[in-house]
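Right, one structure below, let's go through it.
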């Protein structure tokens, strides 16, 4: 691209590492684990704010609007509506890299496939989950599309139990 | 403030290390490269006369601009302003490691410089360290123009 | 209430690699340029506000080391950081320092030096934002495929992709409009000697030739990671009137945060209650800032805007949120050339963040650019009309932090 | 000051070594607690200023995921990336400017997330001092301590007595982390040596903790409480980087204190201030702080300790709460000092109350206390 190029002297560098992984212990709540465990029974757990009645999936701890704890749990539907979608460029072996990994080589995506990432508002929830839309052509996805969760064959209580969503057939 | 929820401790399952490479700028580049000749450069403020080690182009005291011509060669000798003996060392992930051999660290003012530099001390027992002691630089055997060329400082004999 | 004005501006040339200087020298350059522009001696400065994103450059609390380089030793120094909006927050800090009556002259400076990180672009800092959350996801058995879909679409663009889709769905704006914005900003940047991505005759067709990242973004749409610093001198009314022929007055400001559109919360819990293009925080900030500035109809009273737009969709979206165009109509105004230098509401004449993104400094630069236009010092990209009022915008966090600043050629 | 501003509510956590609580919950509880203490709701708040750092929180944009917890949703919000006392200072400026009337200030650090001493080494000049590899806040403090002690002939016992005073005081403060009612000088001198002369008990502990404060302008303060604590003066100053400053004294604190005294009309701090809450990250620093605050002449800090003048029942009590040696949740430490000083004036320091009409609170940040801030607080 014909950007204006500039030439500049470069001085030497000195270096140091920042070992984030080794030096840090993050403290998290057990909420996400609770949510993942629910998936084993094909239950999608959300937290209910006793103040405004909003349901958040996956559950979170605090409702900022009401400034109170969301201690109540509810189960929401595995059917929902696409509120937003993003379609990737075709995934090409040797070209598309995710954290150094090649998704085609790993057998996660077919050569040339366009991954559709969607925001889905599950029925009964007020927030969106982000997941992948499968069994759908990129041309066919639209906002307002009704979709259903695709469950893992043998749910294990992991986040991966909620594999993706697919168009809901009536 | 009493309710304490259960928590999960999260550690990285794989190494996660970010690297940094800070460009040093022209004054500092000169300083580092000149170490190869076993020389320590300072920068003398043309206005207030304060001598910075390592050198820099702007005086933090009187704000005058310091030019390359204000670089001045220092003797590599200085006096010990303060010292400490380290019994522990922090590793790269924040654990204090006990040192089998305590290490001495000094705060040193080089001759005709005003900045204090912080340097390892060698060839001296911790008990023999004294404020005001004369110290001198000990160079790495084959200096390459890196900061590591300064091996440590030791007391001046005699 | 004490009136506060910007009386001097300074910045460095921005580029992908400022390896000729070290961090302290780079920030020093910007501050000294600002002091010189304001004709204020460093001894006269009462207080400093500073900021950058420390994870990006790997130096914690860098002002403690480089304070001497900017004339800040022996002075109050306040470090303020809020992610992408850091620069705006730093400028607001300097405003409050003077408006409080505690200080008469304050310097605000913000910077980023991306090339000091070994990882490309802003990878280190950006990944550190949600690293703990990502690891929590991994520990709870997130599928590789799911991570992949997040990254394949997200890559550099992340949540902005979704935000753009929401906005486009709502307003009817199309990808060709994003091409037009990007081309305009790169052309504008070519007239701004401090900008990074400068492309003098860039056309929307040129942008359309670049590859897709993920629909609706192409590589030609995305901001660079820049090295650079910017600084401003703020002063109380007495001093501003004495020292500066045409000070740029800060008439209104606000920084309301809206977390309900965040995509993730602590520990990777969900939020995304609202779509990321709603930006209630921006609407509220604009309303408050205009009210403080006595502006009733921004479409009529504002002469130009500097909008924080790492991605072109954001220029359109936030222009609407700032009340500069009717809801959903910014792209039509763009088509008519209203956002160009000769248009009704010139936007990002500097090229904006889309052309220059030294993250910490980006939101401060928006205010600085508005000030330059009011002071008539924008040189080649000076708008050919009188600027009475201008609005500057900053955006950060995970779509939640906003800074809005209204500037004018008179304090009233 | 253009307006009078008062402290009208506060809350702090039980600071401890490894709090079994997420950062979010910890922040939520103190924010909620401070609002409750003031008897106001989130809706009454105009602006929210928090204090935390990206490195210490191990999250870039450290405030990002705590904005909701602190109650900043749709509020004019900002974050100060240093000690919480600076957040209070920023909130004060915001109220003085007349743009805002009520501010919520929050500060936190969980030292258990990442060793703050490691992070301190990241604050060094990356081109030189950080490359040397041995300098951090403790080793630098050791060099400072040695220089100060040699120059003014201060003994290790005298420094240990400072630690004993604060650790014993901390025992009366339920919020403190290191509470040692029976600690002795011998015990301090026998505690683990890190960098000579800095020992485990002469440096602050690594704590998890948070605190929050509500500030209000005069008219609002009078509506909210009958017992406001007024901010009478404030001063802040950053010293030169460690290479180019005098390590044996705290010039920047001296300047900050002078500014604060001048604003509050204090000409003789010894006589006019009843209690001091200071952030001494190391025991020797407390002596240096006495001197910089003008409580004694340079080098005479040891005499105040020798004579027991800074004990709880002394003429100028310093750190009846136990100070930073009692608990050091980095970013919260200075703000906790403001809270503790305010508690003394409000008469709410149960178990360690001192009759006080005017108090001084001090916060610091950076290696060898490079940055300092002083607040003078007073009752009606």
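Going in written order, the chains are labelled A, B, C and D, and every chain counts its residues from 1.
Definition applied: contacts are C-beta pairs under 8 Å (C-beta built on N, C-alpha and C of every residue); 3 or more make two chains touch, one makes a residue touch a chain.
What you see is a predicted model, and the numbers here were worked out from it, not measured in a lab.
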Fewest hops from subunit A to subunit B - one hop per pair of touching chains: 1
Contact-richer chain pair (by C-beta pairs counted) among B-D and B-C: B-D
Length of the line joining the C-alpha centres of subunit A and subunit C, rounded to whole Å: 28
Between subunit C and subunit B, distance of the C-alpha-averaged centres to the nearest whole Å: 37
Centroid spacing, where centroids are CA-atom means, of subunit C and subunit D in whole angstrom: 33
Where subunit B touches two or more other chains at once, by residue number: 5-8, 10-12, 16, 18-26, 28, 60, 92-94, 147
Set of subunit D residues in contact with two or more other chains: 21-25, 58, 67-69, 72-74, 114-115, 118, 122, 126-127, 131, 240-241, 244
Multi-chain contact residues (two or more partners), subunit A: 9-11, 13-16, 18, 20, 23-29, 33, 61, 64-65
Pairwise touch network: line, ring, star, complete, or other: complete
Parts of subunit C lying in touch with subunit A, wherever the complex brings them together: 13, 15, 17-22, 58, 118, 124, 128, 131-132, 135-137, 139-154, 161-162, 165-166, 169, 186, 190, 197-200, 206, 210-215, 220, 259-260, 263, 265-273, 275
Interfacial residue positions of subunit B with respect to subunit C in the complex: 8, 10-13, 16, 18-26, 28, 56-58, 60, 63
Residues of subunit C defined as touching subunit B within the complex: 18-25, 28, 32, 41-43, 57-59, 67-69, 71, 73, 115-119, 124, 128, 131-132, 135-136, 138-139
Residues of subunit A that touch subunit C when the two form their complex: 1-4, 6, 8-11, 13, 15-16, 18, 20, 24, 26, 28-29, 31-33, 35-36, 46-47, 54, 56-61, 64-65, 83-89, 91, 96, 98-99, 103, 106, 108-109, 115-117, 119, 126-132, 143, 156-161, 163-164
Parts of subunit C lying in touch with subunit D, wherever the complex brings them together: 1-2, 22-23, 51, 53-56, 58-65, 67-68, 72-83, 89, 92-93, 95-97, 99-102, 125-126, 128-133, 253-260, 262, 264-267, 280-281, 284-285, 288, 292, 396-398, 400-401
